[in-house]
């Protein structure tokens, strides 16, 4: 009986910025600890595991490249959900979430691009090719940067959030393009091997470290995201207090 | 160049970017925290905080 | 120290805005420029500040504490706009002008904090300039006059957007400046509440060549 | 003067991220080219240096119109004009600050884009080096255009039109220095030194012209 009401109360707790701040300060050390543990295990597994008979040692790049690429898409999905929250429910925390996620997404996309390049050089003999997968990820990177620039260019955060929410949702068409580009077009990039309808085709020896690293990266994202959200809430609180201070100084003088 | 070079480079790059991100979040928090404290020191507090004092 | 203007005239485009204006102000004196809208008050002040070339005549600062080539080097100009950046805090704005303007000889400049304090807004000097109301912004722009010492103050409608208290505060600032041996020239509609000031009345347009284009 | 440099840098960091938009524009322009010419890697690596240079040229013109217009709008320009410090020096410092905030990020981003253009290491190094030597010249000569267009209501586009023809020599010697570095027989140093000389020349001519234009446009 009490379960659903508790869940509802928890959700509305989250909705209040002050309660959210309290929640963040209790949760984040645990999340950070978990992230560190997962990274320790993941890094251990990825360095002790076997080299691939075809790709040799470079297969180890996969353990950072694939999770980063996965995060670049997941982060955008989180932003798109937040954008929906901004436009449909007009929720202030959704604004904060979308804004805080953009720099993090940009960084993980950058990691995916860099590690992809470093993997492509020994495998394909070139740093970069303009094929569908690589190009669409690069477009994603530009979109993240554009969203950051848009947010910075506007003074009023709520208005900026609405405008960027529209842009985020329009840009969401890019995500399925990235995901399926390797299947729709013939490219150099290898097709998906983990998330498939008929189960993973990848050898378990590589799957385990990859999975652990993917979870570790995801946890890292959530840790950074809630901390960045906290910073953004504080930033807005400061802005409100400053306006308040300017008004009350006029009364006093 | 050896394959080990590419592997190391990608791990180092990934670490550098992630570290930068963590650093940004941390510095941002420290800066905001300081600004809030400065405002509070100047006697400007949130309405809810003031009403709690009154109670 | 004396400020001497002789036979000043200026034009904007084809029109001669004013013609043959002369005055002399000694240290510790103030000149209030009066006249209806469009009579050329602002233009006169901009000519004095060296921002517009004079058509004829000269304005010089004689016997100053440090010889100056142009009057503008010894002057503060407070125009309609405040010359402060919205994105920077008030402190940063004032500190920049203090460092950039430097001090005139025999300077009596005050620190940034004191300046903000003396316009009655010391408590909000840490805020970004953009957060302030129009009146507060104007007062902070006046604090700029204090952070770097200039013997001559050229003030264009200084008290627009100010309430009665702030006007009084400003009168106090000008009086202190005059007592230190400064010179103030102000264009204004409102009485500044200063005592014993000279007055200059501007009449309005002088058409250059009425027959030429009419 | 240091105060002015620091203030302008602070402003560029705080307001609207002008530097970020410049780099973003640069990346977008370069990223669009392969769609236009097709993903032919050999062709891309051949035209890469030129594309990078044109992209950097356009991107560094982007924010130039605000160089003096922002100062004029809030009245700071009047105060800068009045001072004993030569106006030329003030303009020069503002240009340096503008270059650090918008030109330097372009130079830093160019190696990355060079990889996208499938350029080899020598070409990337040469392009970065020539951009480092050439983009200040664009800023300096752009300041003259910005000074002329300061009083115009829609000066932004006009600045680009005025400045682009003047920046052509920079483009010519920049690109030819890069190609000289790639193709063996042609020597790299002469065009590069001319580029540096152009830079120094514009560092004098630009601020002088801008200062004169600012004095005349004051009203």
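To keep things simple, chains are lettered A, B, C and D as they appear, and every chain counts its residues starting from 1.
As a convention for this text, a contact is a pair of C-beta atoms (placed from the backbone, for glycine too) under 8 Å apart; a residue touches a chain by one contact, two chains touch by 3 or more.
These numbers were taken from a predicted model, which means no experiment stands behind them.
Chemist: What is the chain whose Cα centroid lies farthest from the Cα centroid of chain A?
Modeler: Max centre-to-centre separation from chain A belongs to C.
Chemist: If you tally contacting C-beta pairs, which comes out ahead, A-B or A-C? Let me know.
Modeler: Comparing A-C with A-B, the pair joined by more C-beta contacts is A-B.
Chemist: Using mean C-alpha positions as chain centres, tell me how far chain A is from chain D in Å, no decimals.
Modeler: 34
Chemist: Chain A to chain C: how many Å between their CA centres?
Modeler: The answer is 54 Å.
Chemist: Could you put a whole-Å number on the gap between the CA centroids of chain A and chain B?
Modeler: 17
Chemist: Multi-chain contacts in chain B: which residues touch at least two other chains?
Modeler: 42, in rising order.
Chemist: Two or more other chains in contact with one residue: find those residues in chain C.
Modeler: 123
Chemist: Among all the chains shown, which pairs meet the touch rule set out at the top?
Modeler: The set of touching chain pairs is A-B, A-C, A-D, B-C, C-D.
Chemist: Would you tell me which residues of chain A are touching chain B in their complex?
Modeler: Against chain B, chain A makes touches at 18, 56-58, 60-61, 64-65, 68, 103-104, 107-108, 110-111, 114-115, 118-119, 121-122, 220, 224, 227-228, 230-231, 234-235, 237-238, 241-242, 244-245, 248.
Chemist: Would you mind writing out the residues of chain A in touch with chain C in their complex?
Modeler: So the residues of chain A touching chain C come out as 155, 242-243, 245-247, 249-250, 252-253.
Chemist: Which positions of chain A touch chain D when the two form their complex?
Modeler: Interface residues on the chain A side: 117, 126-131, 135, 138-139, 142, 145-146, 148-149, 152-153.
Chemist: Any idea which chain B residues touch chain C in the complex?
Modeler: Interface residues on the chain B side: 38, 42-43.
Chemist: So in the complex, which bits of chain D are touching chain A?
Modeler: 16-17, 20-21, 23-24, 27-28, 31, 34-35, 39, 41, 44, 115-116, 118
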